[in-house]
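Shown next, in structure tokens, is the structure this report addresses.
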């Protein structure tokens, strides 16, 4: 039986490699799971992938090679907006379905109807991203008035911050600090201090892992005072960073997509995570893989289920199916809507609680990252105001 | 938004940050400033130092600075070996230093990828009692997470400065790139002098790496961020001058910190490197340079 | 190489490139060739200043990005067609190059090299903070639907890049093997002596820096169309600067053919490795290659060939 | 000036049948030359005849393809062809090379101090420095100036002074008078003589300035096309036809 | 008396606080053979650096053929006809000996060059200084003395009206000095004005029509070679007789 080839580029080196390698492990687990069950349409599944080194310039060539030389049957995206978008022209020209992994509003320009984003940001990704954060804040009495928005100078963080800014304006909040910083900053104390000097009640931070660590540490050293602190910090979802920051994390409210809370134990997710934990050993990736890997598994599930449902590899039919079906995945029920985003947002706001010092194991179970928002998935109440 | 409190803290934060930059740059001040070897891979060695600190810290709970000191001799040997290769390929045939550039780019990639293959791409951090603690004098804060690297770096700089300026070997290191034959005529073996100095430069990377990981999380490719800064500091200081290097590092740190506090952090690279370019325009040989 | 042979070769290569687009459909090859040519163009450009004139430019990525962002900005503002964008990018790169040339009045050697690096970082920060072109968020460039008579847009980009690269090679050869080239060599060896021998060093250096800047700007101009999404991270990529330096080093900096050989060699290997070895190993291989090549032929391949030829008894 | 009265240390240099050259060029053809303790020998020869090459052979900078260079020092024989330049220097041989070879970006004083790199010279460093500064006053005045910025002649003085800083017992000088003013040429020659008298310094000197050279030379060799064509004491040299032709113009 | 070619008026130059040239004034007639002597560090090289433009003087003016060239860049002066050799040789190290000469032939002498090919002219000049066999060698490999000869040849290749030689004869034996003097003499006969800096008194005496002696940045004496050597100041500062 000729295998069904699924092709993609993945960031295995460079800036996004930490995510990319974790995603790859998840995708390989999916492949093995599927093949164990007899493959798709009775054909085994094979993954064909190349390292894009987190460089957009490599992506067009990789997809051209996948399609024209390797002759893959299906394609999915690499990890991250910058590495999804460069593939779009060739994908669109060949009219392929394109399940994508964590691009923020990547289809807003292209409006390609065969693009499907597994990240549960929602139909209005930029705004939905921080909606929960603001809803939580505005539910307090008295309502906070002053907000500081700070973000790293990169594509994801700026988009998140732009959403936060729009939300803040809509809610009539007074933006007292609104600045960006270079991703390669070494010391964050001047930034945190400048924020503090503006006396904000809410501090919304959007940035990548090393920035998050630096900001949280500086905030604790300086004794940052605010009522709500967090928002869009990537990195606080990762076990190694959680372990290192320990109690400094307590009471920070931050976005997430999946946490081991009882409200989110979808069928299959624990089995998947168990396999991931085994496969991740010695690979230098996140040991628990709560953040990206379930979604990397899920976007292939969406693809696989569509192939089974349409009984073929016709991209027109696959797309039609994806547009209307609801999929059962390890990250829950997935239904796509406008621009291929999730029909409704499921960007979680979680709050760190009772985090102990130097304990990795504590993050594998519930109770440390309480889901506050959205209501359907809520597992606890906000502790307000924020205190260190 | 301007206040004495902010200003004082911005200056202090800048000084501490600059002190750390000096630790990254000092190895280059020797290898690039004195030996004229364009070791682009130096920051990559710093990352290896950081990983060494991480490994020994997470396995055995060793203090990162201690690890840095312990690892320094091993790094020294690695530096000596690397220099041997460089020597055989370039200097023996009398090549100018520029051709080494591509070589060291290669070395940088090899180090980076070897680290990725061995330890993956996840961010690594260390634990130490002083991380997170703060000393305060009045309204000025000294986070130990920055103060410890600053102090270690200042000591390292002072030690290297004394060594280079007060010993015969130190003077020979300063001279070796200027005229090999002349140095031989002084009774010194240029190859061994360079080898020694190169080893010394790489050894400082062990310490700088341990300081880096005290400050923040490290993954294999973050070294790239420091290439520009480290070289800029050495050049701004005036190539061979160690005190110049230290002052240049402080200037860069203070400028970055001030811009971050009072303007927008986003502009700090432009302002810092703008200041650098301007300084060079006024003093074409850096602050303490010899033309 | 005789002039007739040279021009004949250029024409043949261009014709072969055009013919290729008629025969081969497979888009992958055009993608790979485009990147190799982009590398070649950058290497040739770097070498005009770094190799011929002896001024090392660490800021190649800055010039490249200048070209790319000229395209982004002008396309957004005026919707200019590609040839015009390339032209303007060349002019912008050339003008910044002239500015760089005036720096050489005061800065030599490593001081100059670091100043170029600083310049690149300053440009990057400006772009990061310039929201019109997308700032750090990046900016989309939808590929136009029209692509002349070519089967796809990438085929057209490939032919455009081929033309630009051949032109750059021709210019570089002209600079290298003429009175001008000897003047540049004299500057590289000793600027004071060159002046005293009647060489107008400033003028020649300005020619050199502006040609370098223009070529690099031109190299960056089609890039947004190639990736369809540019952000500072991809436009100011470390690899762009590394390749621009490493390729001439590997090929040999003293002769115009050096960077071409180096770029073809390194660029091709990089493209092959990228899609054959699907892991971090490819970066490793590139690293090993750099070390191996430059260790075995410290004067570059051209230098090695020369040495071998000279070593042979007559 | 009192003649040398210290312990008579045995030192002699004997060069036997040395052949040497550069790649394809053969510069020396079977050259033999002897110097005894305390002797000053001048090596004459016009441009390109191999004087510098011979000195470089002694220093181990150029390796003879055959022949021997032996230094007898306090009864111990050293085969210089087997030693590295550094080892030869540490035996107490110093050379003032052609073209000065200073460290241009070090100061005058730093250059001088490096001259005392060899451990045996470090004890005498103050004394030697004082001697150099006294002989070449301008070096003292400008001791903080970078060597590369000194005038041509000043650089030549520095090169000579730096060689003396190593407390040599055998001094090889390649054209010490190049670029020096007449006054300084004679001063320099006098200084070498003084050192010879004070410390029993042995000198091998390549020099075009015949009149100055014979002021201190005991013997001379003439080298033509890499071969020694004449050996003799000063009186004999002055009678030699070659010398008359090449060196005794109007100078 | 023929026309004035070069006029140096009150030229001064200091490095940091050190005064290397202290308001020097001198004139050179067209076709003259001028010797410039002085103790080491007296400012001879600095003076010709100012004349050739390698350094700019702090005060004073320099006129060449009546034209004020004080602020002109060196290459313009080279094209106007001032050529100099460097005391510490500065060959174009990556070029061959022949190519070293082609640079001034193609740049400085352009316009004044004859119809002949630059290579032929260059080879001829190499022949003159005795470097013909080395024409195709890398200039970096020359011995010191050969480099000095190359310096002289390169200055000649600029087809100057004023040739300044800075110790081109250092390290030569007296016969060789005679040869070089012969070359300079022939150039002079062809109408080229020559300024010669030399410590070899024999050469200065034989060649110069007039000698100027500098000391500590000032002209201390000027006159015929015979009168100069008799001058007490010159004897004390320079000759040490």
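So that you can tell them apart, the chains are marked A, B, C, D and E in the order they are listed, and the count of residues begins at 1 in each.
Keep in mind that, in the parts below, contacts are C-beta pairs under 8 Å (C-beta built on N, C-alpha and C of every residue); 3 or more make two chains touch, one makes a residue touch a chain.
Keep in mind that what you see is a predicted model, and the values were worked out from it rather than measured.
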| item | value |
| --- | --- |
| Path length in steps (a step moves to a chain that is touched) from chain B to chain E | 2 |
| Chain B and chain A - chains in contact with each | C |
| Required minimum of steps from chain D to chain E, each step between chains that touch | 1 |
| Chain pair showing more contacts of the two, C-E and B-C | B-C |
| Between chain C and chain D, centroid-to-centroid distance (C-alpha), Å | 52 |
| Centre-of-Cα separation between chain D and chain B, whole angstrom | 43 |
| Interchain centroid distance [CA atoms averaged], chain A/chain C, Å | 37 |
| CA centroid of chain A to CA centroid of chain E, Å | 75 |
| Multi-partner residues of chain B (each touching 2 or more other chains) | 112-113, 116, 264, 266, 269 |
| Touching two or more other chains - residues of chain D | none |
| Chain A, residues touching no fewer than two other chains | 13, 15, 17, 153, 180, 182 |
| Each pair of chains that touches, named by its two labels | A-B, A-C, B-C, B-D, C-E, D-E |
| Residue ranges of chain C touching chain A (in the complex, touch as defined) | 25-28, 30-32, 35, 125, 128-129, 135-138, 140, 142-143, 152-154, 223, 226-234, 237, 239, 271, 274-275, 278-280, 282-283 |
| Partner chain C, residues of chain E touching it in the complex | 52-54, 73-75, 78-79, 83-84, 86, 90-95, 99, 102-104, 106-110, 154, 157-158 |
| Touching residues on chain E, where the partner in the complex is chain D | 15, 37-41, 45-46, 87-88, 143-146, 167, 170-178, 199-202, 205-206, 237-240 |
| Chain C - residues contacting chain E, complex | 179, 182-183, 185-186, 188-190, 192-202, 254 |
| Of all residues in chain A, those that touch chain B in their complex | 13-15, 17-18, 20-21, 153, 179-182, 184-187, 189-191, 193-194, 197-198, 209-210, 213-214, 217-218, 220-222, 235, 238, 240-241, 244, 248, 283-286, 358 |
